[in-house]
Amino acid sequence: MKHPTATLVVSCPDQKGLVAALAQLLYEHGANILQAQQHTEATTHTFCQRIHFETSELAVSRAELEEVLSQECARHRMRWRLTHSDERKRVALFASKFEHCLADLLLRHRLGELPCEISLIVSNHLDLEPVADQFGLPFHVFPITPETKDAQEARELELLDQHAIDLVVLARYMQIVSPEFIAEYPERVINIHHSFLPAFIGARPYHQAYERGVKLIGATAHYATSDLDEGPILAQEVVHCSHRDSVADLVRKGRDVERLALASAVRAHLEDRVVVVGHRSVVF
Amino acid sequence: MKHPTATLVVSCPDQKGLVAALAQLLYEHGANILQAQQHTEATTHTFCQRIHFETSELAVSRAELEEVLSQECARHRMRWRLTHSDERKRVALFASKFEHCLADLLLRHRLGELPCEISLIVSNHLDLEPVADQFGLPFHVFPITPETKDAQEARELELLDQHAIDLVVLARYMQIVSPEFIAEYPERVINIHHSFLPAFIGARPYHQAYERGVKLIGATAHYATSDLDEGPILAQEVVHCSHRDSVADLVRKGRDVERLALASAVRAHLEDRVVVVGHRSVVF
Amino acid sequence: MKHPTATLVVSCPDQKGLVAALAQLLYEHGANILQAQQHTEATTHTFCQRIHFETSELAVSRAELEEVLSQECARHRMRWRLTHSDERKRVALFASKFEHCLADLLLRHRLGELPCEISLIVSNHLDLEPVADQFGLPFHVFPITPETKDAQEARELELLDQHAIDLVVLARYMQIVSPEFIAEYPERVINIHHSFLPAFIGARPYHQAYERGVKLIGATAHYATSDLDEGPILAQEVVHCSHRDSVADLVRKGRDVERLALASAVRAHLEDRVVVVGHRSVVF
Amino acid sequence: MKHPTATLVVSCPDQKGLVAALAQLLYEHGANILQAQQHTEATTHTFCQRIHFETSELAVSRAELEEVLSQECARHRMRWRLTHSDERKRVALFASKFEHCLADLLLRHRLGELPCEISLIVSNHLDLEPVADQFGLPFHVFPITPETKDAQEARELELLDQHAIDLVVLARYMQIVSPEFIAEYPERVINIHHSFLPAFIGARPYHQAYERGVKLIGATAHYATSDLDEGPILAQEVVHCSHRDSVADLVRKGRDVERLALASAVRAHLEDRVVVVGHRSVVF
């Protein structure tokens, strides 16, 4: 893609003429639509649209486009955001002791799969510092105990703020992030839960899966909300298993689906393909 | 769905303003867009769009809407079609001796999964007449030999014409349909090929798959074209297999993926979610 | 398969020499082993084995083979069963108002996928009588109310006993079968649960799945036990879904995975590939 | 696994008593069988068996066990191999310029998924030396031109010989390895082909897949033989795709299935779960 592109994502109560209004506005200002998806949530009558367009022949500045969009969206009481492909999101990866999700995201980033800048890595343990070093990334350790948790989270938030972080990815962070932390990054914290939610909520899901004798295990990537494991689901993957799989085998197979689900969710977020409606997500 | 809905499907060389033009036209005539998808084929710069909309508050008659659409689409050199949910497509199912695809489609139709009218069943053998009887459908037998093929196809086409058939589904018909026949129903003949095309083109694909020792087998549903097995692919499904699977097991597993792929393709066609661009298909 | 084959399935506390003892015994009596799988459950140290063998050159009668096996298995405190491919299991299908699982099993049986005799169909409603008629099978209706449930189940059990039923398949029966009923057919009642257990236990799982916004839905086939939905899992299938799927779409997609999971479980049972260890199943 | 275990893999023309003979021999020498699978290839009447057993109470030395097995297997004209879990296979990874398969295997090895020693990395280019460095592994470069190919392969073979390499993994090596090279490592060179073989044999399979408009893409891991892409298949994976996927997207999705298929094949080989029969593989 030589020229930068832009993406407009909107949602609002459904009414007639919304598609026409936005398409007309973009056309008048010189945008060429490359891809557009529109969906209306049947139960809440919520209109959702994503428009991906070329900006090489835009007749106005980005600021001016923002301004006219702001006025139009206000008229329809739309939630909206406009992003540009050359203003890459800044991402912080949080990990703990398991490296597979972290290493997978770093590798994908190096391969060009994730359109973002990975600014830094945060952990509550020192174990993964070598991985950060391998990829030449700053590694920040915030050891956490019940007593220090509030203070450490405050320091983490300060760090994120200094780096103007857009997205936090909990890549098997193994720590419950406080509602206060989440509130600072609404729909901007992605977590990977190592099971097929809503099955096996809580601790040691692979042990639970083994005990239950399931024939499939899965992983779920979702936006973190104050309700643990209850945020809008972004991606889910599964893999078949059998009686031959020990708990260790389930953990191994689980790593594969965790990596796939998390990478898929992070990509969807980075490409601005997600609209949250209530506690469900539309992933265009 | 209480009120009828309509679907507009268009494709044309890409240019700016197409989304706006169509959305504006529909809005002005009282349509409420429920779902819209737009895609531009990168290599051919072909604009493709599907718009699904409510017609309960349409300000004009269907004929008038057709007329204004016709003029607008002509201006942009668009291929287009407009369909209405209460004008159900009329389908002819062609089968030979294997009943699984035929019975599956009939069952799905009875369950309400396929929005169409199944008008009749055509076969070159008598074997499946009882299946037609079970579902209370007319069964027409056209035995085919090299000598009679042309004449029989002519009679089949006459029958399809009499019943104003919109779509022909080759549900394991096991006969090569002539280019002349296909030409009468362009992009309106769906075939199920019992392999993961383009692997195992031609006869006895499950035997070929067994000999090759593959670990997956598949099925491909596609529009039939004059080039055997080369038409635009609509749906593909696969299933894992192993050394424990005999040819008979592959055939059995294959039946499941054939049924799934064919039903998926037929649904996509009936819901007007397919746009053909060259020899590829866009399935919205 | 020209000659009949036999299958021996055993389980017992693990000890050395079990494989050798059984293999030697079978060899001495003229059996030729076609396929054998052996697995030891790590947590319970339970030895499980399935041996599938040719009997065309058996040096003894079936009764004599049973006798020597009986003695050998007693020595090792084995649970065991010996079945013969020409003594087909007799199956009763229970259904309610939904026909897809019932029709699917009947179709598969007609296609030769299920090595059994389907003796009869039981329902608590009249709706599916035409399906039974289509396949020429006896249809027995036992309307059930809270008051009549015990008496009706007693009549059902009597009917099953008269027909020497080996396996009961609850093909979306939509009635909770009593623990007393289950106790008469231990590990011989297969149920299909219309969700990916243990998620969405209980009523209306597709509505629950829609509300939760999952990206995958599934189905679980399991042996019924007195604990609802807690019996040993035999097969699970899933399919991807998205925001575009309404509850009706989830129900439709769910039908496909229900059919696949149930058919897979029934086949495994009929081919004597299942060993239950505690509340987990080994499916060879 | 505290105590070392051993694995016996055999294949030979089928005859009665083979299972009993091997089980009896192992039992007499103190082995405790943990897992056993036996399969008879129907078309070639080839008996295949894998026996995984505990050796902690073995009554003889490994050399003595080898000796008695050697005699027994000779009697039945068996191909056989006996491996011990504490004698880890030595692996050489060959790569070119793409790092995803190489990095994936190295990460899995670090996570403990691959029971082997990775001795060295070979490449025809310098590009991936940093990856080798990250994992602290020797990196050997053998630039290859048509003129130097024979000599360079000879040097590679010498290197592999010096390091007593058991398995060569072509992790997207992008060079055709000569039949002479393969002949030195029969059934010990694993290749990943970036398509669902036998579709898209040859160059640029993702471009071919895009042109053909397929709805699934795949990857195939197989033993390399002198016939390019025709060796016994070990593992295949697929992923759905759509009109929205550009060639670049197919390449990206392809990387995921390549990694999964290759890792699965390498694990199967390392765990001695593969038996080759003709040009098919049995993967227990």
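Each chain carries a letter (A, B, C and D) given by its place in the written order, and its residues are counted from 1.
Just so it is clear, a residue touches a chain if its C-beta (ideal position, glycine included) is under 8 Å from a C-beta of that chain, and two chains touch if they have at least 3 such contacts.
Note that the structure is a prediction, hence the values are computed from the model and not measured.
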Field: B-D against C-D, pair bridged by the larger set of C-beta contacts
entry: B-D
Task: Give a one-word verdict, same or different, on whether chain B and chain C use largely identical residue numbers at their interface, taking over half shared as same.
output: same
- request: Just give me the whole-number Å value for how far the CA centre of chain C lies from that of chain D.
  value: 36
Task: Would you kindly tell me how far, in whole Å, the mean C-alpha position of chain D lies from that of chain B?
output: 42
Residues within chain A bordering two or more other chains: 35, 39, 244
Field: Graph class of chain-chain contacts, one of line, ring, star, complete, other
entry: complete
Task: Please name which positions on chain B make contact with chain C in the complex.
output: 35, 99-100, 103-104, 107, 110-111, 113, 134, 244, 252, 255-256, 260
- prompt: In their complex, what parts of chain C are in touch with chain A?
  reply: 39, 41-42, 196-200, 211-216, 218, 232-238, 242-244, 246, 279-283
Statement: Counting only contacts in the complex, chain C reaches chain D at residues 14, 16-20, 23-24, 26-27, 30-40, 57, 240
